[in-house]
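Naming follows writing order (A, B, C and D), and every chain is counted from residue 1.
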Amino acid sequence: MEERHVEIVERKGRGHPDYVIDGASEAVSRELCKHYRKEFGVVLHHNIDKGLLVGGRAHPVFGGGEVIDPMYLVVAGRAMTSFPKNGVDTPVPVGSISLKAIRAFLQETFRFLDVDRHVIIDYRIKQSSMDLVSNFQAGAGMPLSNDTSFGVSYAPLSQTERLVLEAESYLNSRKVKKELPEVGEDIKVMGLRKDSHILLTIAAPQISSLTPDLDHYISVKEEVTGRIKDVATGITKRDVEVCVNTADDLDRSIVYLTVTGTSAEQGDDGNTGRGNRVHGLITPCRPMSLEATAGKNPINHVGKIYNVLARQMAEKVYSEVEGISEVYIKVLSQIGKPIDQPLMTDVQLILSKGVTLHKVRGDVESIVDEGLADVCKISEAIIDGKILLF
Amino acid sequence: MEERHVEIVERKGRGHPDYVIDGASEAVSRELCKHYRKEFGVVLHHNIDKGLLVGGRAHPVFGGGEVIDPMYLVVAGRAMTSFPKNGVDTPVPVGSISLKAIRAFLQETFRFLDVDRHVIIDYRIKQSSMDLVSNFQAGAGMPLSNDTSFGVSYAPLSQTERLVLEAESYLNSRKVKKELPEVGEDIKVMGLRKDSHILLTIAAPQISSLTPDLDHYISVKEEVTGRIKDVATGITKRDVEVCVNTADDLDRSIVYLTVTGTSAEQGDDGNTGRGNRVHGLITPCRPMSLEATAGKNPINHVGKIYNVLARQMAEKVYSEVEGISEVYIKVLSQIGKPIDQPLMTDVQLILSKGVTLHKVRGDVESIVDEGLADVCKISEAIIDGKILLF
Amino acid sequence: MEERHVEIVERKGRGHPDYVIDGASEAVSRELCKHYRKEFGVVLHHNIDKGLLVGGRAHPVFGGGEVIDPMYLVVAGRAMTSFPKNGVDTPVPVGSISLKAIRAFLQETFRFLDVDRHVIIDYRIKQSSMDLVSNFQAGAGMPLSNDTSFGVSYAPLSQTERLVLEAESYLNSRKVKKELPEVGEDIKVMGLRKDSHILLTIAAPQISSLTPDLDHYISVKEEVTGRIKDVATGITKRDVEVCVNTADDLDRSIVYLTVTGTSAEQGDDGNTGRGNRVHGLITPCRPMSLEATAGKNPINHVGKIYNVLARQMAEKVYSEVEGISEVYIKVLSQIGKPIDQPLMTDVQLILSKGVTLHKVRGDVESIVDEGLADVCKISEAIIDGKILLF
Amino acid sequence: MEERHVEIVERKGRGHPDYVIDGASEAVSRELCKHYRKEFGVVLHHNIDKGLLVGGRAHPVFGGGEVIDPMYLVVAGRAMTSFPKNGVDTPVPVGSISLKAIRAFLQETFRFLDVDRHVIIDYRIKQSSMDLVSNFQAGAGMPLSNDTSFGVSYAPLSQTERLVLEAESYLNSRKVKKELPEVGEDIKVMGLRKDSHILLTIAAPQISSLTPDLDHYISVKEEVTGRIKDVATGITKRDVEVCVNTADDLDRSIVYLTVTGTSAEQGDDGNTGRGNRVHGLITPCRPMSLEATAGKNPINHVGKIYNVLARQMAEKVYSEVEGISEVYIKVLSQIGKPIDQPLMTDVQLILSKGVTLHKVRGDVESIVDEGLADVCKISEAIIDGKILLF
């Protein structure tokens, strides 16, 4: 990848409308998992991988402003709405769980979004259809794959990819939120590499109540630019150009100011599954799955599990096996088969100069076998919120 | 009234679905008034007198329970969505104000309703149409009547009416909520008098988490019955029969148990304007206005103001003029005319034995004139929440 | 009534927002009845007596115009969503039935409302709670009353009442729609009688596409005024003043023009149960029930049936028994008792001069007894749409 | 591509939930374009590239069945809601246009979906924000790019890709709908090639009312299988295995039966932008853009235009320049610059044996230059519905 002429990479950061609705879908799935397990001892079938965030209307002004029309957020999907407990069919408060999970997610994500006033939270989750449920429950021990689907990932990230990822995570870090509280959460980073030149285009809204005037806005923007250049120095020796809020027109006082920290307050909508892939990035020049990971159940939905699995195996192969330049892994499921027995696991290796396939094959195969054997650990880690999904 | 054979009186108490949606509409109106006044110095046009509360689905069990599907509450109407301030057209955050006002109202009303999980709050308020607005703003000094409408009320309340009113306010009093916290807020009282016998039918849900078992439920129900009988003793010498939760079937453990204190959690819906009239009661045997008072603007919406006015004047006439047995007052507006100049004020008096119209006429007229002259005080008192509207 | 000094009467005609949402609720109830009966042989429990019509935004212009934002119509309530058929639990397509019923109702009601473009139709109907259902089904033969409620009505209509009723029905008659197609369906008539003077205030929108200019508008308005005066001549000898569209300001070209024939296209909202009572009128000076008749099941919901029953009995008493000036009838139910056995039937008579109670008592009682015995015929007639409900 | 070991290709056919919501978004965009052009002479800013289709609940049975709960379809985005016409600000009936466009699209797409009963159509489209609009309108002659974005495509399609594409288009062809009307529209095809073996997995619902019994179902399924094998013969010499409705369990009578022809009637939801890319396929092993093409304005939204452009140029290069095995094209925009002046156009060529870059370079560059010069023709073709977008 580093040798190609052109590379395009994007990250829709925490606070981006597509990220937010992904986050809402996933929050509901995780809280359902916890409730199912607590009440019934097992995770039950669900799939909340659709959603819509409709942007509101806001009136940010230097030093203040307000949300005029709240955003509207709805998640959609299917879930088991009742299940036997001690022999009695017991309802699952899917609605209450959903509202609470989304509310908590929004409160964790934003500092200046007042969920009570700025968002209408809705859900449209219906009873799972019985076909899906019977497949879901059939696996004794190992869950059965819910679908014919696949996961794909690779390692390592390129410099441009790491740069995009770290630029956003830096700007949304606790440290920067403390030192530059004006910077909102809806950070979007686009990286374009042409040979040895990298252009980082960053959209970073500022919180209107913390930004008293245009001068202040400009100084924060400059500070962001400078800091990201420093971040870049630690990642690449290439020439990195950083552009922040390129749509600004300072003469006409058109700047990227928000009341809440997200562009969803005014004009931007989001759909589940339209944001980052499982490595936190959108990488159109690389193989990508179009499946949404957000909101799918982490037990047997291979569109979620196999993407994470592919990524974990690829990273392990790259970091533990010497002589690997790049590794791409695809895992294909077979509907109704145990998830540790995929139809196919395809590993493509780009070896370092002088390394032969013969030399690395055994180690790679071991890592893949081990990854499959441990696939259920992924479910646990997802429920615990320990895995990057988007 | 006391001499008629039959009397039917009803009160849908705090917590009843129709009361709740009335309360939501009115809360939005009041907060809009405050915002308009604070931002622009005057109350602007609005009318939020429509609404719908869709009941949820709940699973109350002795000692616990949960709301499965949240309720859905939406208010509808029109409001000024922007207005000039210091020469600049300034938006009004109608959405944020509405969500916050409804939420606060619900939190004040219920002890066991968790607004975060149990209710989806929505609004459908559009820009006021310009015709209404121009009429609204035209009044220099005295507002102009928004419509051809009328208000009607009377005094005094009959014994049965007072009994119904006080039974509910007693059960929803701070004192009783402390002593009998099991009693939910959705108290509905129906009073039927046949000659000298009064039947009070009371629906009073119990909070499931505070009611460990059927015995407890029964004892609370008995306590409620006893206490209401005591309340009745202070109001009437008639024979009062009190029936609580008549739909219970104790043998089959069918009881009136709720998680949140309102029947809206399961099966009962509400519409704005379908509950109590301006004296807090539904009195089909008396003249009644069908207008919703809830949510109408208190400045020039005569469907709201004139009902309150009629009630205040009737009470004053009854209490201050000697020799009045009953007084009925109707006030009719004329669209576009100042609200202190109604088209007609009709006063019907039932005089005590031996009293002549001649004797009371002057006093009654003074009270009516004064009431009209002071009509704008009603607007203030409504905004401050000091007036019973439903 | 004719001897009182003041009388206030109102009718919200076909096309008025409150009428429309009443009509939608009732249409759903009727189609559910038909489906239940066809599929299961009996009408099942339902109650669709809540609803909300949110007005749209329109841009009517002389000779044309368009609806910008559609109206939004939602009905709410409860219904049996499945029932055994040949031993198999069979689902009831409540949603499909509701959408279709409302659409058909709107198409019958309006000539210029394009349901495909001008209305969003929604429903929020949930499964009936089991308590209500068991009561509903328990009646072998005679249905059991669903609630403690009552109906009230009277006969005859006063001249003012007849005038209000016939003015609207004339303007919405097939004949007038043919001769004066410009007149929209949202006719609202307010009648105010002061002694022998009757003021009829009529709001009658005109269809913008059929009204090329202001002159045309004025001429149609004059035609309406003249025709209503003619109608009045046939009903009363009193002095009748007719005012049409009093909010017009012809100098500023502010006129009552609509694209679709209803004010709901711009700015006016509606709630179920807020319109006419069971005689087609709002009569605040008469006893009135606040219950919505629209949408309630016609089998055991006494808030619907008893209002119709009271009206039918009152009319029969008035027309068949000689010597009756006015008759008021109240019928009170007792929850859980057969609906032909009300708790009380209260008949108040105002007799013509010289007539004694003794003389009419027998006939009146026969009519009442017969009415109760035949109460189930009311259910049939309601399902067949043969009874005025609002 | 043909030489790689593994290939994965998918098509969500007409009738698939993701396709349907893509189609709805695009239908709204196209009708807005037509309205804007007709009323104002130019296409105005809009972006309707978000949407949600919430599946309903259905009860298909052999020979019949019904939709119980309708689907719910909502599109979201921004559009110009008014614009000057002859000097007067004129509203755009965005709502009416949207409802009508979606309805027409659904009626064209399905034979057995009754839009009146089976779908609730909604929209949440707000006024475009002024920043976007000013950029949109600034271009004199050539539109200015709305965003920093890119398009990517390639040619030729591999055998597997063609097979997947043609299998669906065959089953949804007018001919097959006539000969095998039982086959519903929601055809999903997944193609997996491992070396020289291709597995085609096809999901093809049957229309319940046309499928009297299990035997009939099975025979139609076999017919489909056989016909697709024939289709395959015309495309590839590889070994093709065809599996239809693999989730069927014939012993338990679990089959893929639908009332309407789409799985959205029961359990499957859709989001705009989650379906096929601009060549009609999902091809995770190839470079892909994650941008939704559906619903974006075709004038300056490069996320839509450049994907089509890349595809058209790639196909032309492949078919007109001799000696090209494969061509990949990426086009990168620069926000605010004319769309015929992208920041970069990257062409990757895989040449046939013996062909040198030198030989083809000129021809390829000509095609690219011409493509850019003619970029506005793409807008026209999209508005006319002449271009495959998903």
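Definition applied: a contact is a pair of C-beta atoms (placed from the backbone, for glycine too) under 8 Å apart; a residue touches a chain by one contact, two chains touch by 3 or more.
Since the model is a prediction, treat every value here as computed from it, not as a measurement.
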item: Remotest chain, chain C as reference, centres from CA atoms; value: A
item: Chain B-chain C separation of Cα centroids, rounded to whole Å; value: 25
item: Chain centre separation in whole Å, for chain C relative to chain A (CA means); value: 54
item: Euclidean distance of C-alpha centroids - chain C vs chain D, Å; value: 49
item: Residues of chain C whose C-beta touches two or more other chains; value: 57, 69
item: Pairs of chains found to touch, sorted by chain label; value: A-B, A-D, B-C, C-D
item: Residues of chain C defined as touching chain D within the complex; value: 56-57, 59, 66-70, 81, 91-97, 99-100, 103, 114, 116-118, 120-122
item: Residues on chain A engaged by chain D in the complex (per definition of touch); value: 5-6, 8, 50-52, 54-55, 57, 69, 72, 74, 76-78, 124, 126-129, 131-132, 135, 148, 150, 152, 190, 192, 194, 201, 246-247, 254, 266-267, 269-274, 282, 284-290, 292, 330, 332, 335-336, 343-344, 346
